[in-house]
Each structure stands twice: as C-alpha cells, then as structure tokens.
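The two complexes that follow have chain A in common; it is paired with chain B in the first and with chain C in the second.
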Partner chain A sequence: MHSALARINNVSSLFSTCLMVLLAAVALSSLFATADPKGKIDVVSLKVYNAKAKRYPFKEQEFGFVKFDIDADLSPLFHWNTKQLFVYLEAEYANTQGVNNTIVLWDRIVRRKEDAHVVVASGRNKYKLKELYESFKNTSPATFSLKYNMMPYVGLLMYGEAARTEGHEIPEARDAIA
Partner chain B sequence: MAPLQDIIEGKIDFIGQKRVDSISRIWLAASTVVSFVVGFALQSLRATMGTFALSTLLLFVMAVPPWPVYNRHPVEWRK
Partner chain C sequence: MEPAFYRGDLLFLTNPVNEKYQTGDITVYKIPGVEIPIVHRVLETHDVFISNSTQKSKKDLLARYSPGHNQLLLTKGDNNHADDIELYRGLEFLERRHIVGKVRGFVPYIGYITIAMNDFPQLKYAMLGGLGLLALLQRE
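Coming up: the complex of A and B.
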C-alpha cells in the first residue's frame, strides 16, 4: 500500500471479490422468485394432410396443421434479473413404437415486461409437425403445452409450464386438394 | 525526473497505509450491500451495477492518489 500502484492493485482485487459476491447474491435472490403464471391454450383445429416430403421428390409424408389460441400473462416472471423469456408451444404424443415425442410447433421471444401478456388468436404452427415414421396412424392422442424458459442476466435458467390441454385425437390423413 | 517519479509512485506513510486499507475494505463491503439493496428496491440490475461502479470509482479517487491526509505521520529518523 506504500505506492499508488500497490493501492490500485489492492483496491481492484478487493473490487473483483466484492463483484463476485454481489453477482452471486443476485443469482441466489432470483431463486426465491417463484412466480408460476398460468394461461390457457385452445386447439381450434388439428388436421393432417398427405404432402410431398421436402428434398425427396417421390416420397409422400403426413404433415399436421394446428390452429390454436393462446392467452397467457407471463409478466409475473419479469423481475430485476430477467433478461428475456423464450415461450414455446409443444405437442406431445407417443408414436406406434411407444416412443414419446415432443415437437416444438411455435415459439416467441419476449424481451420486455410490456410484451409479456402473450395473446395469439388462431395461430398456426411455425415449425412442421411430422412423424419420424411418416404417418400419425395409431399414435396416441396429442397433448399441447405452453412452456417457457426464463433467461436471467445472472444465474440459472428456469423452465416452466404455463398451460396444458387435454389429449387431442390426431385425425386420419387427408389428401390435400391439389 | 525525480519529482515526476515521486508523483507517479505516490508514497504515503505507514499510518496512511493502514487507513487506506481499512477505508477500502469497509467502503467496498458497504457498497456491495447498498447496491444490492438499491437494485432490489428499484427492481433494476442496471441500478445495482451503476451504484457499484460509481462507488468503486469514488473509492479509487479516495484511495489511490497520495492525499496529504495519508502523509501526516512521517517517520522521524534519528539524527
């Protein structure tokens, strides 16, 4: 501490220790924020069509088309350590092999508390709903769930589920009208 | 050259060194607690980091230059 350089060294090393303690305290404090907001999903329609598989010109495959309404107020998840939310709609069903499949159909990134009331009226799946075995025949009914991933500035990612529907029977595939 | 070296080196006496040490400890510990409380009260991490950064800058201004306060007890050498 006798020279200016020694004092800079001493203060900055103590500063970095205190910064780590501060960040750890922030990360710990957000573990106690246990908001568990609930919303609802309505699946308006679920249709399956035969269509050409991409990249395979002679192969036909079944594609599911979902129309849904979402109403979920996720603003309680926004506290001082929330950076953004990743909100996503998942379809879950068991295929003929008994394998449980989950497919992300739709997602949204929420960056501000003002946008955290997620309302979607007759939304359609952004991502393709298709089976690895090419057909939804004899699969179990599909349940749809709205899930979120809370990303903090400091600390651990938090996952949660805001809504879940009853099982929806996946209908027979229809031929698309040309 | 020598006066410039003295300014850069910034020597302070033993009692001054002890003082700087305790000031920086207490100041940093207190500002950690205060900035957490401020950020939690305002619900903003920006406030936490801003308070902590400003108080650390203030501490650098207080502790690093050889202020005359830290040179009030020069060592008296036997003649």
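Coming up: the complex of A and C.
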C-alpha cells in the first residue's frame, strides 16, 4: 500500500488539514485583538436647502448639506488578519412620524495601515441627506457618528464606533437661490 | 462587492427575524425578477411602522409597503459612486423581505471549486471519471 497514489493522497490530505487548521487559527486568534481606537468629529456646519428631487422633474424636496472635520487614528485596527477598513460617517435622527433614520453621509475604504489615520478637513457629505417625508421640519436633532467595519482576510467581520457628536439641530430649509 | 469580496469568496450569512439592520452591515438581497442576488452595504435605514390605515390613503408615501413594523433599506456597493436605486427595478427602498441575509464572516477562494466545475463541465466529468476509475482499480 505504498503506491505513488497513496502517497499523493496522504500528502494532499495532510496539506488540506493543515490549511484548514491554519485558517481557523488565524480567524479565531484575531477575535482576541480588541483594539478600540477613538477619534474626533466636528460638524462645522449643517444647512438645509430646497432643491429639485432627482428622479421627479417637478418635485422639490429638502436636502441637508453637512460640512465636517474628522480626525481618527484607526491604525491599531490593522493586525495580521485585517484586509481593509470601511470607515463611514453616519447621521441619525427621528422624524415627526417617529421613524428612526440612519443615513451614511461619507465613507472611505482604507486598505493600508499607513492610510489608517483618517484626517478630513472641511469634508462634505458624499451621499444625499434627505428625509423620507421630504422635509426636515420638526425632526429631532441629528447625531453624527464615525463608525468602522473591519474586514478580515478570513473570519468574522467586526464593527465599531470611533466617535460620536452631540445632537445638532437641523435648521429650517432655505431656498437655494443665489 | 470589491474590494472587500471577490468572485469565489465564501460568505457566511445570518438573517435573524427580530434584529434590525444597521448602516454598514453588508447585506445580500434579491430583487423580484432578478436572478442573481446582490451583495451590497446598507447606506440608509428607516425604521417605519406602517399601520393598516396608511394602506388606504394613496397619498401616503409608505402606502406601497407591507403593514406592520418594517425597515426600509437603501444599499450601495463600496466601490460604486451612487446608491443602488437604479438596481431596484422601480422600488425606492428595499424591505426586509428582499433581504437574504447579513454577511457575518467569510473565507476567500473556496467557491472557486464550484465555479470551476460550473464553468468547465469537462472538469466535473474528468473528476467523476477519475474517482470511478480509482474506485475500480484500488482493490485492497
């Protein structure tokens, strides 16, 4: 029973077992790396303008415009099993109907440890801040938070929050006429 | 959803009924009439409660959604510039019933075995034939 086939079979099964054990070890060991870096966000300005809704030619609705500063060093999150970070700024508020809303305003994919110190000066929202009921009138103050999602090479995805602001009153809408 | 996941990666999904989705969660969703499920990240959540009376008034923006506690989701691929509304086939938001699950973990490249077998059926037959042959030859 020492044919070449049996040897190949043994070697390949040993190889795949080792690979599985190694992958499991990497995935499990990264659960113990519990870095919890904190950063800072400042909302410099928050304005609301009436503007044309995108998909409806004659409809107007309110859009929020946010200007913010971010300073967060997320490099402790990079370890042996970190493939990339997804960093995002989220706004959260409740509208008059009591609907709780969370909206991502800005995001960034961080793929290297060298880029993990996220500094944004006077950033603007990349994605539209708009209300389900088209108006921000009488909505609750909005809190902004900087969150991250750590994606591993193998294993479980991790989430965390690096910063959070106080509630910011959403101002009344203005007409965007220059 | 490149650059996080590529073709051939194995994703582990969960879909707990009473857990709400949050922004940043990676969802797998399936739009009615579209064959292939899509893996994209949640960009907006709106936790709505739709009463039966709103169903009647046509004016209500939410009248089209199913009554009860519902969550309206908007998604976006990490590397895309715009949200997924163009992919929704006329829907404005995803509802919970469109969501297949939330990605909790992943293993790279595993899926390439099945992809290879599907893309090259000859490989599948070669492997089956090889196994059969071995079973015949390896009498102990």
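By definition in this document, the second predicted complex is superposed on the first by the 176 of 178 C-alpha atoms of A that agree within 3 Å, B and C clash if a C-alpha of one lies under 4 Å from a C-alpha of the other, contacts with A are read in each partner's own complex, and residues count from 1 in each chain.
Basically, contacts are C-beta pairs under 8 Å (C-beta built on N, C-alpha and C of every residue); 3 or more make two chains touch, one makes a residue touch a chain.
All values reported here derive from a predicted model rather than from experimental measurement.
J.: Does the chain A-based superposition show chain B and chain C clashing or fitting?
T.: When both complexes are placed onto chain A, chain B and chain C end up side by side without any clash.
J.: Does the superposition put A:80 against chain B (first), chain C (second), both, or neither?
T.: In the superposition, A:80 contacts chain B only.
J.: Could you say whether A:18 touches chain B, chain C, both of them, or neither, answering first, second, both or neither?
T.: first
J.: Looking at A:153 after the superposition, I want to know if it touches chain B, chain C, both of them or none. Which is it: first, second, both, neither?
T.: both
J.: Using the touch criterion from the header, give the chain among chain B and chain C with more contacted residues in chain A.
T.: C
J.: Is A:10 touching anything from chain B or chain C once the two structures are fitted on A? First, second, both or neither.
T.: first
J.: Using only C-alpha atoms, work out how near chain B sits to chain C after the chain A superposition, in angstrom.
T.: So the smallest C-alpha to C-alpha spacing between these two chains is 13 Å.
J.: State which residues of chain A lie in both footprints, the one left by chain B and the one left by chain C.
T.: On chain A, the residues that contact chain B in one structure and chain C in the other are 1, 5, 153-154.
J.: Residue numbers of chain B touching chain A in their complex, please.
T.: 8-12, 17, 20-21, 24-25, 28-29, 31-32, 35-36, 39-40, 42-45, 48, 52, 56, 59-60, 63-66
J.: Which part of chain A faces chain B closely enough to touch in the complex?
T.: Touch residues, chain A against chain B: 1-5, 7-8, 10-11, 14-15, 18-19, 21-22, 25-26, 29, 79-81, 153-154.
J.: If you look only at chain C, which of its residues touch chain A in the complex?
T.: Touch list, chain C to chain A: 3-4, 22-24, 26, 41-49, 61-62, 72, 76, 78-79, 83, 85, 103-108, 134, 138, 140.
J.: In the complex of these two chains, what residues of chain A are touching chain C?
T.: Residues 1, 5, 23, 27, 55, 83-84, 86, 88, 90, 97-104, 107, 109, 111, 127, 132-133, 147, 149, 151-157, 159.
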